[in-house]
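In structure tokens below, several structures.
In what follows, chain A forms one complex with chain B and a second complex with chain C.
Our next item is the complex of A and B:
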């Protein structure tokens, strides 16, 4: 029982640190394509956090809409910007 | 200390990082990512404060509100991306800070 509580604490701490680090990298890295890929990874990590919080329906909606659909929209907009030679 | 208290703190941190980048980064796509991250921070705060370990019993209303909020956030993101492409086609730049000088 004691080890289970400790493992939960370690998992929560690692997950929270990873979410904050990926969010920081999303907003500060130089390349825009890299930023979008970091944003998709951020959506997946936050859906793991929602599974940990017990909100499974929110996790499903986030992983489909927040990570998948938003990532596709952002990538298509970036491709349109690059076709206009604006960067 | 309850370990689930980590998640509200993470939500507050996400909101602060997003606000910082929204003010400082000039590129419009980066500002849009910052708004999305701020929204995720607010959702995380809203869901994690309604847990049975922290409040008295689990409340299903914040989860329903967060699902609605995710859908609204993606529609607002799509509208903002269209606006960004229109601005880039009209001015030749996708940055906000250089628009004021011209």
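Our next item is the complex of A and C:
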């Protein structure tokens, strides 16, 4: 039991650190495509965090809308942006 | 440089404020969980999240559906694609994968809608799974017409708001309260609302994607 709580603590700390790191990378990286990929990864990690908090409804909504659909929308917007630069 | 400094100060102030408010919370936090728990048997469902979203605060969900609807209308009015949407990707692997995944995803969406009554799940999750299925089909290059131009698709997009308004008007006329269900009929009304919301969310989110994607195709 003791090792399980310790493992959970280590996992939560790593998760929180990873979320902060990915958020920083999303905001600072120069390439827009990379930023979108980081954003999708950020959404997935956030949904894991919601799961750890016991909010499984929010976790599901986050992983489908936040990571999946928003990522797809951002990628298609990026394609459009690149086309506009050519003209 | 000056702006960066000011932003840093403001961010630090915001962080301090947030940290202070989190640390000064009474422990254990006095939420509304007990109130919801006491009323749950009157709500028609046993999942507290669904009970809050579809019964206790149903007008919040009504407004959320309106936001989705308005966002699709504005995206559609901004895009000026003439032709029907066509996919950019034509991969046999994607096509085969779609053939396997689409039935499973639709089944998953139906399950999520059904399970929302007593466990995590519900209209938003099921609807977004449906729209993800649509995007998968769209990207696999399958020909199918689900663009906003058809009356049937427009009906599907608006059906959630229509059902919401009809039920609101009904409850308003019968009991003079907006969206307040009697405990015996609540589960039927909630299922109606959730089913309509699932369809609308699925078609709306899918069309949001297609509106942006097909537009970029037209500029070739």
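To be clear about the criterion, the second predicted complex is superposed on the first by the 85 of 87 C-alpha atoms of A that agree within 3 Å, B and C clash if a C-alpha of one lies under 4 Å from a C-alpha of the other, contacts with A are read in each partner's own complex, and residues count from 1 in each chain.
By definition in this document, contacts are C-beta pairs under 8 Å (C-beta built on N, C-alpha and C of every residue); 3 or more make two chains touch, one makes a residue touch a chain.
The structure presented is a predicted model; accordingly, all values stated were derived computationally and were not measured.
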Contact breadth on chain A, by residue count: chain C or chain B: B
Contacts of A:8 with chain B and chain C, given as first, second, both or neither: first
Which superposed partner A:41 touches (first chain B, second chain C, both, neither): neither
Touching partner for A:72 - first (chain B), second (chain C), both, neither: second
First (chain B), second (chain C), both or neither touched by A:32: first
First, second, both or neither for A:23, with chain B first and chain C second: first
Chain B and chain C footprints on chain A, overlapping residues: 57, 61, 65, 69, 73, 77, 80, 84
Footprint of chain A on chain C - complex, ascending: 49, 112, 120-122, 124-125, 128-129, 131-132, 135, 205, 208-209, 212-213, 215-216, 219-220
Residue ranges of chain A in contact with chain C within the complex: 56-57, 59-61, 64-65, 68-69, 72-73, 76-77, 79-80, 83-84
Chain A partner contacts - residues on chain B that touch it in the complex: 3-4, 6-7, 9-10, 13-14, 17-18, 20-21, 25, 27, 29-30, 32-34, 36-37, 40, 43-44, 47-48, 51, 58, 63, 66-67, 70-71, 73-74, 77-78, 81, 84-85, 88-89, 92-94
List of chain A residues in touch with chain B within their complex: 5, 8-9, 12-13, 16, 19-20, 23-24, 26-28, 32, 35-36, 39, 42-43, 46, 49-50, 52-55, 57-58, 61-62, 65-66, 69-70, 73-74, 77-78, 80-81, 84, 86-87
